[in-house]
Amino acid sequence: MILRLDRIATALPPPSEPDPEGARAVQELLGGKFGEMSTLMNYTMQSFNFRNRSVARPFYDLVANIAAEEFGHIELVAMTINNMLTGASPTDDGKAPLASLAEVKGVGQPAHFLQGGQGALLQDSRGLPWTGDNVFASGDLVEDLTHNFFLETGARNNKLKVYEMCEHPAARALTGYLLVRGGVHQVAYARAIENLTGADLTKLFPSPRIPTDKIPECQPHIKKNEHRILYRMSPFDYNELPAVFNGMHPETGEPLEVIDGPPEGAPVAEMPAQPAVFAPDYAPEEIAEIASKLRAKAGIEATPEEMPAVKSGLVNRAKGVAGKVTP
Amino acid sequence: MILRLDRIATALPPPSEPDPEGARAVQELLGGKFGEMSTLMNYTMQSFNFRNRSVARPFYDLVANIAAEEFGHIELVAMTINNMLTGASPTDDGKAPLASLAEVKGVGQPAHFLQGGQGALLQDSRGLPWTGDNVFASGDLVEDLTHNFFLETGARNNKLKVYEMCEHPAARALTGYLLVRGGVHQVAYARAIENLTGADLTKLFPSPRIPTDKIPECQPHIKKNEHRILYRMSPFDYNELPAVFNGMHPETGEPLEVIDGPPEGAPVAEMPAQPAVFAPDYAPEEIAEIASKLRAKAGIEATPEEMPAVKSGLVNRAKGVAGKVTP
Amino acid sequence: MILRLDRIATALPPPSEPDPEGARAVQELLGGKFGEMSTLMNYTMQSFNFRNRSVARPFYDLVANIAAEEFGHIELVAMTINNMLTGASPTDDGKAPLASLAEVKGVGQPAHFLQGGQGALLQDSRGLPWTGDNVFASGDLVEDLTHNFFLETGARNNKLKVYEMCEHPAARALTGYLLVRGGVHQVAYARAIENLTGADLTKLFPSPRIPTDKIPECQPHIKKNEHRILYRMSPFDYNELPAVFNGMHPETGEPLEVIDGPPEGAPVAEMPAQPAVFAPDYAPEEIAEIASKLRAKAGIEATPEEMPAVKSGLVNRAKGVAGKVTP
Amino acid sequence: MILRLDRIATALPPPSEPDPEGARAVQELLGGKFGEMSTLMNYTMQSFNFRNRSVARPFYDLVANIAAEEFGHIELVAMTINNMLTGASPTDDGKAPLASLAEVKGVGQPAHFLQGGQGALLQDSRGLPWTGDNVFASGDLVEDLTHNFFLETGARNNKLKVYEMCEHPAARALTGYLLVRGGVHQVAYARAIENLTGADLTKLFPSPRIPTDKIPECQPHIKKNEHRILYRMSPFDYNELPAVFNGMHPETGEPLEVIDGPPEGAPVAEMPAQPAVFAPDYAPEEIAEIASKLRAKAGIEATPEEMPAVKSGLVNRAKGVAGKVTP
Amino acid sequence: MILRLDRIATALPPPSEPDPEGARAVQELLGGKFGEMSTLMNYTMQSFNFRNRSVARPFYDLVANIAAEEFGHIELVAMTINNMLTGASPTDDGKAPLASLAEVKGVGQPAHFLQGGQGALLQDSRGLPWTGDNVFASGDLVEDLTHNFFLETGARNNKLKVYEMCEHPAARALTGYLLVRGGVHQVAYARAIENLTGADLTKLFPSPRIPTDKIPECQPHIKKNEHRILYRMSPFDYNELPAVFNGMHPETGEPLEVIDGPPEGAPVAEMPAQPAVFAPDYAPEEIAEIASKLRAKAGIEATPEEMPAVKSGLVNRAKGVAGKVTP
Amino acid sequence: MILRLDRIATALPPPSEPDPEGARAVQELLGGKFGEMSTLMNYTMQSFNFRNRSVARPFYDLVANIAAEEFGHIELVAMTINNMLTGASPTDDGKAPLASLAEVKGVGQPAHFLQGGQGALLQDSRGLPWTGDNVFASGDLVEDLTHNFFLETGARNNKLKVYEMCEHPAARALTGYLLVRGGVHQVAYARAIENLTGADLTKLFPSPRIPTDKIPECQPHIKKNEHRILYRMSPFDYNELPAVFNGMHPETGEPLEVIDGPPEGAPVAEMPAQPAVFAPDYAPEEIAEIASKLRAKAGIEATPEEMPAVKSGLVNRAKGVAGKVTP
């Protein structure tokens, strides 16, 4: 089971110039063979199918726990796509007989507007849907770990190329973050293989050769040590991570470290309505009024939209709880 | 973001007689168009793509929160499949030149043994992979809710038919539980539509006509009121659920209720190794020994495998924390 | 546009022993690459996309008119599958907690029961959905006709093999009919190529070598000359068929002939309810009662179920009307 | 079975400025999940698989009859795409070594030119083929009707967005018509659900909120009452439609009405040849000459191309026949 | 089994102006339904599955031998795509934080840059992967030959349209060559059908009507008689080709001829590195240095890159060997 | 380009008891994600797309050369499937009205009989077609090699499981051979990574843990050193293999070695006709007679069917030629 937090893993800039072509490219990081949906579901299915987990718990914990972080990554990619699409049609009505989508005819992925509501779709940059056949869960621990190391390698390749293709601030913030975090997962699986078999993969790093030290959008995360930290994404479980995630970072030589609890993250950004594509339908004010009445009837105060400090305080408390857990 | 708990939503019986044909059928509930992967990813993507969420928060909270419970459902279906496949090949070695898989030649889904490691695959009962095109996220709140109501209706249909086809105890425990919980989600989306538009869908219930009151495996869950309860699957968020999930159950007339925190659930059952399919490879004892050394090196005590009481105590504490949250 | 007749192209025997394995095989004739859905949609799309049709009208008429007959063929295949599945679960209730589908676990195509309601699915014998990529509509008349000749050739191959695999009376009635009618279409496209280019394809017949004269289920249709007749499936249009469909049958040497109007056909057979799979849901009596009240309210007499004579009289009148049409 | 009419459901303007990007978008209405191919095949398959139809005939008639109208809709969408592609390559030869397709390199859907002959393809706006997995035919009447109501809702969403994206006169004529007719089908399924279960869906309308009254291209059809009329698309059958399609239109309060016979429609427009893509191959004059000789040999007068009055007279006679039918 | 030669079937011009839109179009000739991957795998699978080949050897030899030539065609198409993509990103580094792919955002097939390394992908012009369902291998010799004739017809259609769309010198060199060679295969299958059944397909030529005599890029190959020659692509086998590939060319009246050995071909062109997409990763100099050390250690002299004369001498010797073979 | 040899890589036993269920399983080794079609096309596409190959030639040679051997592997798997299907329908006619396929109704993969002619299909054990999306060709040499190492690892897993499932002599001969040869390729890619990066993967072997020393069907090949030999599959090229394929075998400690020329192999076995499925159509005697006349007309002696000694002499001569090549 999971608990969900209404926060995203890192802050994204507010919507700016819409970039539907860029959004099409970023879809590769969501629904591509090496996108976040693939990392999420590979590790998730491997954790479900893990046999004899009691004797292999440090490895089980690693796979199951990284799966949990990946959920935050599909969220982040989806948010980035929404961000890049925002404003591509008018935000003040624009329904037919207006030709509000005429300007995006032949631009980017038409399905963003026709199938979706100017929102992320579970497909790759070609428009092909993500498929369950992207999952490898052989049950063989060495094979699964080898696969995961390779998957993260391919994923880093994709992230850098999306970075190079998309100058949109949201795409850059996204890829800067994912390059750092994906790097940790690549290292984690390499260490797991090393700890299990004795093979030394250190010399395979960096693979591919990504100059994270020269990429401005990676720096804030590197400064926070997020290139060498593994978050324990559970209030109570996956306590054996340090048995596998340990030793030195193969690129920097710094120590690898497990931190209790999720990243502090950032509030989920509000995306404005796009009425020309019915997102959401009804005038926003109507929905607001209905929601308001429903809240009142249920005796609920509206959730304040912007309280990063309080929110993050709550998250810290959650971390505290998790940190104190002893069996 | 999510936090993950190393517990499943409800207890499954231990592996008994293997049933690969049944396991093939249960795949429909994992990777079918109306399977749990579809409910998970539909609500997840809708929550990511929700525009103007501040004004429509009760509806956002509903969709986002049900998404979180669905993760526990794909987990449960996968576990059931693993359970039904356990023992279909020898659990004590059985590698070539033995013909350890000869007995399952032509039985059930060959991919369970050839592509997977006697484990769940992200595909339906035909062997077709789940696809991102199963997701509908139009951004139009009324349409999305209408879709979700229909999706849950189709899902209930599938669950009953799998119940009728599979007498395996794990399949029965699974479908008994899912029929009850899926019913809640169907009601939840109907109530959301009613609260938003004023349309009264009460007379559509039950759809399809499922005699849950006559199904023995549903009774324990009904007794615990799980047919009228919505779990708030977050330590801090989704507090506006009661604004939408309220009123009476259309079938029983009992009040609908929101409960803070996840179901108590059950520990994740240990599945024995299946060495003939390399799951996991290495002799289990070797892995155990390696893991043991790694733990020792990291100064970690082994996680005790069976501590339901303690575990559930922890979960209760988590609920407590969540229950006390005020903005 | 089309008008629809509530009759099928030829009579099928009433449901007898259920045969789910056979039904899986017959799916190849519905959703396979060479199934009736492919013939229907190839000719339909070619007719839609036909350029310069005024100058090439005899060829346009041929393609457009055969498309219309193919609709009756997908109908017939679907009806056959339903026929073969009927009774595979109890026809008197059988809902959970009964294990009404236990006997078909691992039998045939599980999707017939899990995804469908013991009914035909738009997929092939493997369970793969029919796809629009099965359509070839190049716009090049010679190429399209060459394709169609090849398509009918492959389709005949498939029909004979399904005949050999399935001894179920409905499957035999179906394939006996389709072998005869598909043969006409194969001849029609060969004649069209010959009339357009001068190439003589006569010596390619029969391809494949099918002994229609030895197949009992073909004889009634051959006796009615249905192996050398093309039905003009329109009350007013496609009058230039005889300009292309003419000459001698390449196998029998008999004259090819165009007949105004559709085959007399047979009434659509009533299939009994299969309540274990919710087909249809509600008890039949309840639906009957509701329908009865709705009819009464609308002042409509119930349609008598079995009036083949009258029906066929009506069809004859339709033929009459069509036969008298002059521009 | 069906009879085919060589007329389309409504007139389209003659080809004007080619618009390949627009044609790519319109493909969504042909081969998209919510396109006309989906409505056609969903209702067609549901009608084939209908069990116990005698007791539920009013509902059977509704589904079977709307299926028939949908054939006219895939035809109309295909014609629109052909219309929008016409002239994108030279209409006077243009074969290699000319670079006649250089101007459409990188424009719209390349498959329109490479796979097709500047004609419609059975795929969506992404280029993905329509698939049989888009069909839902559960056999459960309530579920199927719920699905159909949802499908029409999603289809209306898509139509309006294509309207907003494509200013091409053919696309506008198409969507103006389909918005009106699709609205009738949405109402029809809502009324069927209401008549069957008693649930009142009136307040769900309009869903999505489409301002048909403000869309100029809808007005001619609204004036002809086509927003509240159901055509009985059969010369003899589906006479129980009024038992289900009755009451008031949920948006306008006007009475719903069943009309015998198809829409008057319009002649199928002639599309000029596109020789650069071999559509059709041979010089048109050559084909004309061959056809002419074939006609002469068969003693057939050429079908006059443009006789809308006569044609529509014929259609009226057909309606007359159908209107007089009594069992 | 095969032996591989490090030569391509015909020379391509060196990379010039990059043309990603053109490269997307050329993909149709690699991974499209009528692309070279389809011809390769259709004939290959037919040759594997050939039953009773001893009695039908001339036909077996034809299919198996043409399969071998098709390998050289997928190679050539892939090389052309690489050629057209070369230089679309900087060839001197260009890694992030540079925006080296910004100029190709929204240009052509994004997957060329994101999924591949500016290289060919096994997909069609839409980005859909080639699929094994494109293979037809019925085992029926007449049907398979009919299919192959049709496949080559469709393939020629596609080649001409790609010619018309792409003015890039590499695309023109490719299509000029393939039009000539594909024409031979089309003739070969027509002759096989004629020799087997007696049907005369001569009048179907040319289909489609391609003016090869007017296409400058076809002339060098026609001058070398490559429009009427079949290469025997084996040092020892497929000696019965002349029993089927004989008679006159249906378009030119010249004699058809079998030549021992492969085309002389051309050296494989070196494509420069594209470091922005990690192709290949490491600086080229580093790889060069490593390779150099490895060669030295193994006592191997570097293979000289450009020795067309010597190379072709070797090929001639190979032909000589093959020509002298007697059983 | 390639030259083709009419020999298979290793001898298979003659057809014995038909085993359609086993044949379905063996399909995984042909069209599965880790089947031979995947290894063939991954290495083939990587070799086509190799940039800067002159400086990295030892690595290019390795990938290009292994690709060539893989062609022999898809051939061998296809032959095995044909072998296992032979005799499943009568070999002496059996056409309708006989029910010659009734015994295989519901047995194995129905498409083997309905879509194919009792022959191999390009699909996996589920019946899903092989897809071009199984190819990974990033252009990054380290990534591609890492992928290939992983691909071979997964392929070995699949091969052993097919061995365990299928006791049919042909399946056993196949998997015994492929386990040995696939092991060489796995080692080759590991060595390439080691030689390129310095990372030592030795301790990853064996992965998965396959007891080749205990598998009888592996022994003949091991005795011939085929577990440590790389064949140079070219008469003239890929001479730099020893620069990469060198050092010791990680499992046995024996030296790795490059051999000039292909394996000696075995003649292609004749498969008897299966007339019930039209494979090939016409009575075999008819075809024999036609072929005989065609040969006579062309002045060709029939190729003797069984001359392994002579044949292998020819192959040795080819090796001789290749061995003498100097630039």
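Quick notes on this structure:
Letters A, B, C, D, E and F mark the chains in the order given here, with residues in each chain numbered from 1 onward.
Keep in mind that, in the parts below, contacts are C-beta pairs under 8 Å (C-beta built on N, C-alpha and C of every residue); 3 or more make two chains touch, one makes a residue touch a chain.
Predicted model, so just to flag it, every value in this text is computed and none were measured.
Steps from subunit A to subunit C, minimised over paths through touching chains, total 2. Common neighbours of subunit B and subunit E under the contact definition above: A, C, D, F. Note on connectivity: the fewest steps through touching chains from subunit A to subunit D is 1.
Seen as a C-alpha superposition, subunit D sits on subunit E after a turn of 120°, to the nearest 5. Which listed pair repeats A-D comes down to matching contact pairs by residue number; over half match for D-E among E-F, D-E or B-D. At the interface between subunit B and subunit D, over half of the residue numbers appear on both sides, which makes the contact a same-residue one. If each chain is reduced to the centroid of its CA atoms, subunit B and subunit C end up 42 Å from each other. We define each chain's centre as the mean of its Cα atoms; on that basis subunit A and subunit B are separated by 22 Å. Among the residues of subunit A, those in touch with two or more other chains are 33, 123, 126-128, 133, 138, 140, 142-143, 157, 207-208, 277-278, 281-282.
Interchain contacts give a graph that is no line, ring or star and is not complete, per the touch definition above. Taken together, the chains touch in the following pairs: A-B, A-D, A-E, A-F, B-C, B-D, B-F, C-D, C-E, C-F, D-E, E-F.
Across the complex, subunit F meets subunit A through its residues 33, 128, 133, 136, 138, 140, 142-143, 146-147, 149-150, 153-154, 157, 193, 197-204, 207-208. Subunit F makes touch with subunit C in their complex at residues 89, 94-102, 104-106, 109-111, 113-115, 123, 126-128, 276-278, 281-282.
Those residues of subunit F lying in contact with subunit B across their complex are 21-22, 24-25, 28, 32-33, 107-108, 124-128, 157-158, 160-167, 207-211, 214-217. Residues 1-9, 31, 37, 41, 44-45, 48-59, 64-65, 67-68, 71-72, 74-75, 78-79, 82, 116-123, 129-135, 137-143, 195-196, 233-240, 242-244, 246, 262-263, 265, 268, 270-274, 277-282, 284-285, 287-288, 290-291, 294-295, 297-305, 307, 310-311, 314-315, 317-318, 321-322, 325, 327 of subunit D are the ones touching subunit C in the complex.
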